[in-house]
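Structure provided below as structure tokens; questions to follow.
Chains here go by letter, A, B, C and D, matching the order in which they are written, and residues are numbered from 1 within each.
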Amino acid sequence: MKIEGKKQIWSSYQKEIANDNYYYARSCIRQNFFPGAENMFIKILREQLNKNIFDDERQTTCTGIGYHSSIVLPETTMTVIARQFSLMNEAGYDNFICSCVTSFGLYTEVIETWTHFPETLEKTKEYLYKSTGRTFQIPQNLVHASDIIYKFRYELLHKLKYKLIHHKTGKPLNVVEHIGCHYAKIFPHKGVGGAEYPHVLAGLIEAWGGNMVDYPERRHCCGFGFRQYLIKANRGYSYSHSLKKFESMQPYEVDLIITNCPGCNYFLDRWQYVAAIEEKKLFGAENKAIPVLTFEELAALLLGYDPWKIGLQMHQIPVEPLLDKIGITYNKKEKYFGTKPPQIPEILNYC
Amino acid sequence: MKSFQYLKKIDRTIDYDNNDRALFYYLMRVEPTVALCIACGACTATCSAGNFSTLDLHKIMLSIRRGEKVYIAKEITQCVLCGKCQLVCPKNVNTRGVILQIMSFLQSSQL
Amino acid sequence: MKTDVVVIGGGIAGLEASTALHNLGHHVILIEKKDILGGHVALWDKLFPNNKNASSIIHYLKDHLPQNLTILLSTEITNISKRNNSFFIETNFHQTIETKSVLVATGYDVFNAHLKEEYGYGIYDNVITSAELEEMFKNNKPILTKQGKEPSRIGFVHCVGSRDRKINNLYCSKVCCVTAVKQAIEIRQKLPFSETYCFYMDLRMYGLNFEELYNESQEKYGVTFIRGRLSEASETIDGKIIIKVEDTLLGRPLKMTMDMLVLMVGMVPSAGTSFLINKLDLLSNNGHFIASSDEHLLANYTNVNGVFVAGTASSPKSIDDTFADARSAVLAIHQYLTSQKM
Amino acid sequence: MKFDWFVLPFSIGLIFLVVYLIIQYYLWLNKLSASQLKSFYRIFFSKKIFLVIGEIFSEALLHIRIFKTNILLGFMHSSFALGWFLLIVTGAIETQLFASKPINHLYEPIFFKYFNTHVPTDKLHKIFTFLMDLWLLYVLSGIFLAIVKRFYSRILGIKKTTKLFWTDQVALYSLWLIFPLRLLAESSSTAIFHHGSFLTNTLGSYLEQHIHLSKASYALWWAYSVDLFIFFVILPFSRYMHIPTEIVLIALRRAGLKTEKKINSISQFEIHSCSSCGICIDNCQLQIVSNRNNMIPAYLFQKERHKKVLKRDLYDCLMCGRCETSCPVRINILNIKLARRNEKLTKRKDAFHYLQQLPIETKNTEVAYFAGCMSHLTPSIIRSMLKIFEKFQISYEFIDKDGTVCCGRPLMLAGKYDDAQKLIEKNIQIILASNANILITSCPICYKVFNDEYRLPITVMHHSQWLAQLFHNRKIDIKKSTTKISAVYHDPCDLGRGSHIFDEPRMLLQQFVNLSETSPYKKENSLCCGGSLGNFYANENDRVKIARHAYYQLVHEESCLITSCPLCKKTFQKVAEKPVFDIAEIVNQYML
């Protein structure tokens, strides 16, 4: 692997990321799966970086799940998104942050559609006005939450309590990053580093001392695929996709996977759990499963927040081996805040 | 996947690295015209058995090179060896010879 | 300096045309930006389809160069303009040449394979271009991977930078298909225990004996041709390349590990060609090569009177085509100059 | 007692041979089924025994069939067989008549000149002595020809002579030596006792002048006996096993027994009856164009005898049957090859499951027309036949219009006899559902298998037969105005040699064209076009060479080629200078 070649590509895929005053659009499923992630994002921005970020309780879904499962019409989606923008305008913001990669892809897609087909913009304005009496302006800057962390990765570096380094051996940890498909595969120039060699999370890993693992199936989809997951009988399809990725990353002895997408994070975590039970396979370093964290959780962890307050117990793959490697001290007993711990299958019960 | 109530999907990908291409190397030795196939499909179009079945000689020819033995073993039984393919082949592949060799190879390798 | 004709580009088209124009009695100045003559052909080892040495062509051309022909090596044109019926060419040596006519023989550049970033050129250790492989052959370098091993499996990816809307190159570069066949055979000759694979969309074996070479590659050298466009390549932990294609003839995806991947890079207009298109307001084909006034009847004429074109500056061509084109350009210029004299 | 130690090698050799043969033949015959054995034994008590004896005389001794191939070759073979036979018989009688004891030892006639030292006095004895010399000369002339044949086989009408296995070579040289040694031994004794005739006496007196005879003579008798020993011992392991085996084979054949679908002991008798005479070599077209030998019966049976047959030896054969037709021993070569192929491939249970799904439509027609796979690649044949049907208002059902269920013969040729049965069953259903009285096919390959394997209750005809019948019934009129083209007819292997249809196509064609019949390669002796479905190894190059060779053997100057097989037509078309027609096309084109 020639790093100069990648740098050349990264340099041609840079985007404008606003510096302050953000309107934050949350993700539907992340709030449920890993509620700590979004909270930590807001916290990091406010506490560590002193940024102004507005968390709006009036916002709705972007319809992405319904849109990609072909049960919501594009016109509906556009109108819903227009309402979000209207809320942003009303709150007095111009910079829109999406927490969800699919939302980010969909917002981008809708804005591109409005640009290339102005009649759809007019229609949307009409629909929004008729249904809510609102008007809206397209945000000046639309980014994904991971872009913000990428932008401030060096600022955060100075505040980190820990680094992605094995605290005993001093060796960098092997970290896999997984970028949600809708982040850059639809519009490569809207993602940091493009679609082939995305840099948005790789940049975090490098800056924070880790060793970014570029494995053969790096670009492969996690298998979420919306409609594949919504129907139970199709879930094997999702599972087989993730399995392909795990098998491909196995030789690299990976310590951690980080993602920027709600679905990916959930499934890379979930499918390792299924593979461990069904096929007795573990894919990470030291023959353990690989902890899967969101980029916000990682940032918060390295900044020194308490792992259980970040919500790391919400992952099915145990994170303790990672904490041990980084050298983070944690209280085993407090993991479930005194509630009854879930049953952990024997193969994963190594901590 | 009993406990999760769904099945792992079978990968359609031709896993070239792990396929066994012994049949191809055997044929290259005993019937080198096998290498000349360009998968034009003339054989399949004229195939007597292919009229009524899934037999597709150009796919078999490609599968030989890819090492897809299971597919070949399944499909080759449908051939009636009539030889029309040989008459229409623009590259003069000795198709009947190839098929006979496949049959005897598979027979000896118990597939 | 004053002259009848300036030939820009010292490749095979420029050399052939300069010699012929000189022999017809015209005063010729040949300008070449590099310090050697021969262009791309001088960099090649063996030629398709008959395995002839490329150097023999350059030797022939050099041997037949007229002794009193003015050749300006290492000379780059900084400006060119037309006034009345003459062209004024300024060079990096601050010369100004006044000429009655110009023959553009600026040729092509090989496609910048970085642009097909999914193939990992410049990123993965063992992805090289066909031009680089040819250079290895030419310099008799051992064929080794970056890890210093003899590659046991080598893939050739056809149509890199050709016939690709994604990079806005719609045209076929004509020579890459048969070059891949030639290079695959050479690899098999040099590394008898290796396997070679060609990944193609169509195989365009248009020339005399090309099909024969293709047959030989299959029957004698066991080169495997897989119809499918490479969609992505990735690097394994030990520096090999995993490629993903669809075997379109079987209708199934295919995954394969390669020790070395050779990208059959096509032709794009050379920097010099683009420069002249701008400076002389020449028409071009979809922003690429110089457009002929009429591709059938006036192949060597351009929209600017007195500017002629020969060789790959106007479209991808093989060596044979280039020679034919250069000779026909000579006649066109000869006609132009004689009619001006009268 | 007349005895000398040198008789021992001969006697031991002979006893070994006889015991060996008895055991071997017993083992083989023992494996026959009861009914086969019964019909074999019955022949000895029927009039057929005279036919057997007659054939043994004409073929095992005289070799009349080889005489027909080439007179010198026939003479060579007969001189060995008949000459030696006469020597033995005459010698036995001579010993019986002129020896002192009424019952002789086995070896006495062989070494008569050594033990009997009386000078023949009476006329009868002189005649016998003369005859013995004459027969010896007869055999010696054969040996002379045999040696010539090894070096200049063309003189005996054979282009290539058989290359021998080492046991064959030992046997051959010991056989060649027997008679010169006998001559020398007898001559040397004659020189001492003067009891010989024109040959031995003359040579004897010549030898007397040059060599010290008394010691040499004894050594020569030893050499003679030892040589006989060598020959007898090596005989069962060499091609000369054919000498005794052919006699049994003739009886077996007269009893109606031959190799059919499987290799059995009759096949063993057939295989061991091959004398490797090499007549088949010249008749093999594949050999002519490719110089490959392994599939030729002379060599194949050599390998069979030593159990060294490879897949290639069996499958690299056109199965045209020219070797079988030319074989003087009448071995069922094709059946043996097919049966051996059948042993190579096993039956597949899952083969041709798709046949079940094919619908069978019941029809009510006069004629069922089965074009065959190959005819679909020569649509002009099908079109001609359909036009003829329509013109004569024959209600027909084109049963393989939308694709043919193969007749099964190609599979049988591959050695998949059992798999072919599935196709046959399906086709029988389809054919019978048409309710036709006649099944007409355009393909000789199908025709042969319809006849041999289908056992259909309706008439099966090749279209050439049917057209001939149609013409015979005066239904077809010929266009008067057109001038007749000149043409040569090519007999397809499966229609001619395979099914013995020679005359109908000729009879028919004579009405339509000027048929040239000058080529020797017609009827039984017809050449293969090279398209053969029997061969699995011949590449296109071989096939084109065969076709070209065959085409120019048949066609001269202005004639065009007419055949009655789609495969022959397609194969010849590749090399033909003038158009190649099918007989149906000719009829369609020139009928009124």
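Simple rule for what comes next: a contact is a pair of C-beta atoms (placed from the backbone, for glycine too) under 8 Å apart; a residue touches a chain by one contact, two chains touch by 3 or more.
All of these numbers come straight from a predicted model, not from anything done at the bench.
Relative to subunit C, the most remote chain by averaged C-alpha coordinates is D. A summary of chain positions shows that the Cα centroid lying nearest the centre of all protein Cα atoms is that of chain B. Averaged C-alpha coordinates give centres for subunit B and subunit C that are 39 Å from one another.
Distance from the subunit A centre to the subunit D centre is 84 Å, each centre being the mean of its Cα atoms.
Remark: subunit C and subunit D have CA centroids separated by 66 Å (rounded to whole angstrom). Within subunit B, residues 33 each touch two or more of the remaining chains.
Contact with two or more other chains is made by no residue of subunit A. The multi-chain contact residues of subunit D, meaning those touching 2 or more other chains, do not exist; every residue touches at most one other chain.
By the definition given earlier, chain contacts exist for A-B, A-C, B-C, B-D. Looking at the complex, you find that subunit B touches subunit C at residues 12-17, 28, 32-33, 35-36, 38-39, 58-59, 62-63, 65-66, 68, 91. On the subunit C side of its complex with subunit A, the touching residues are 114, 117-118, 120-125, 232, 234-237, 239, 242.
Those residues of subunit C whose C-beta lies close enough to touch subunit B in the complex are 215, 218-219, 222, 224-225, 227, 247, 249-250, 252-257. Listing the residues of subunit A that touch subunit C in their complex gives 1-2, 4-6, 8-9, 194, 196-197, 214-219, 251-252.
The touching residues of subunit B, counted against subunit D in their complex, run 31, 33, 46, 48-49, 51-53, 77-78, 80-84, 87-88, 92, 94, 96-97, 100-101, 103-104, 107.
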